[in-house]
Amino acid sequence: MILQIFPKKVDFFALFEKQAACAVEAARYFKATVTSGNIGETEVETIHAIEQRGDDAAHAIINQLNATFITPFDREDIHQLAIELDDICDMLYTIVSRLKVYKISGVNPNLVKFADVIEESVLAVEKAIKGMHDLKHLNAVAETCMEINRLENIGDAMRDDMLTDLFDNEKDFIAVIKWKEIYQEAETVLDICEDVAHLVQSLLLKQA
Amino acid sequence: MILQIFPKKVDFFALFEKQAACAVEAARYFKATVTSGNIGETEVETIHAIEQRGDDAAHAIINQLNATFITPFDREDIHQLAIELDDICDMLYTIVSRLKVYKISGVNPNLVKFADVIEESVLAVEKAIKGMHDLKHLNAVAETCMEINRLENIGDAMRDDMLTDLFDNEKDFIAVIKWKEIYQEAETVLDICEDVAHLVQSLLLKQA
Amino acid sequence: MILQIFPKKVDFFALFEKQAACAVEAARYFKATVTSGNIGETEVETIHAIEQRGDDAAHAIINQLNATFITPFDREDIHQLAIELDDICDMLYTIVSRLKVYKISGVNPNLVKFADVIEESVLAVEKAIKGMHDLKHLNAVAETCMEINRLENIGDAMRDDMLTDLFDNEKDFIAVIKWKEIYQEAETVLDICEDVAHLVQSLLLKQA
């Protein structure tokens, strides 16, 4: 038997999955972009368009929420999840936009490494969101959330190692300022994924 | 017929308008200050005093909220709006205070440009808040909110252009650090105005 | 007569006190660490362990909250207080971890000064949390919260003075970047304590 957490009429899950799909698309585009090392107007516009679609999905959730009097789980939690999923695309767009402003071209292997972990984490976020549909998947979702936490810890260590190397070896002060910001923002994407994982875990706990 | 969103007894609107008036005062003082190029103890104290009055208005709302058992629209939304309006003054005070710490004197035309857009956006915020009183103004408020979003996009582009120019042309590293922070904080004021606009739109949608 | 704010069965207070105790432990360890000037792997691991215990206490509160249908005061407030208390340990761990990444060794008297004020403020936070148990202590808690606000103002002025000095006198650009971040983060600890104080005051007001 499949237990439906939500009544069928209000399809919040389809909207959350739409948001998660945008986040995955943004993470993949981010990885392709930093791997190619070409960051110009086109790249910024492309990821901006993805971010806008994510925005639309978030607003659809919030509007649907406002139009629904009885919600089967806490309104603040639905609202919060929509905002946090939205933050993933926002931050990836911010980073690409910043790379263009800083006229950073060429491939930085550190950033490619970060893009790999970000893609992995965002894919896990999508998996967790998809698993929320029914309580049967409770254990699988919990494991996915633990995986997201693990990737955040890896990101923390990566950022610290990259900053150590940057401050030890980079002789160009302006490059230090630029990369310090980029590495910290890249790690923030993983922090946001972890926030999503915490929220998902807490939601499932309430329903259990 | 004018539909009252709130019962007359709890005058949250008068308090929100007080907060918005403080924000406008802060934005105007900010513009005057950066246009004159004189930033010293007096300027920091003046904008601090404005920010304190904004604080008092925010606390009055939160206390009134705690003393009111039945609220005609979501308590969290009232609370959130009070906090976001408060953030406008806070950030403007932070910038002026930072300009003094950094001993920045003289007029930076970029910052004057930002102050213009900030004043325009905060005036639109005040207009939106005033328009919330009755549902007749729903369309006008929606248009004002779209204007605030438009100004935020302008601010984003301005900050990116200014950062590009800064990193391309400023040879003094310390100046790069200082102005990078100031430009990003100036843009944050417009982000906060946009947050207010989103919240106002969502509130009106719920009441419609 | 002692008025119990909460029914005895749900011991949120014991958990909040556990969180506050972790914050005090972190503040004390932070002070000892920056006073000794030795920041290596051991120091980061020790404060990380304290932060993890604080995390566990926060999660226990949130889980207990989810399992309790009737709460004697607003669920969001309990949740928010748990998160803000958690932020104290998080930020102290972040600073120690950053000091290690930046290979900062030796004693910086400015940072010791900050660590003193932080310890004082976190002890006041613990006192305020302990005082929440019964309404008899209302005035004492209000005074403690005012003390926390006062310490935040001191921290603001300290940070501004330290930044002024840093930008005036430090000739090593990399050191400017590092210390600017550390001083701002140290002041953020006091901001978080002030957020806790505001929340505690607002909670007591609701109960009064």
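All chains are identified by letter, namely A, B and C, in their written order; residue positions are counted from 1 within each chain.
Everything that follows uses one rule, which is that contacts are C-beta pairs under 8 Å (C-beta built on N, C-alpha and C of every residue); 3 or more make two chains touch, one makes a residue touch a chain.
Worth saying up front: this structure is predicted, and the values here are computed from it rather than measured.
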| item | value |
| --- | --- |
| Fitted rotation between chain A and its twin chain B in degrees, CA, nearest 5 | 120 |
| Equivalent interface positions on chain A and chain C, same or different at half | different |
| Between chain A and chain C, centroid-to-centroid distance (C-alpha), Å | 28 |
| Sites on chain A at which at least two other chains make contact | 76, 173, 177 |
| Chain A to chain C touching residues, read off their complex | 76, 160, 163-164, 167-168, 173, 176-177, 180, 202, 205-206 |
| Chain A partner contacts - residues on chain C that touch it in the complex | 62-63, 66, 76, 97, 100-103, 173-174, 177-178 |
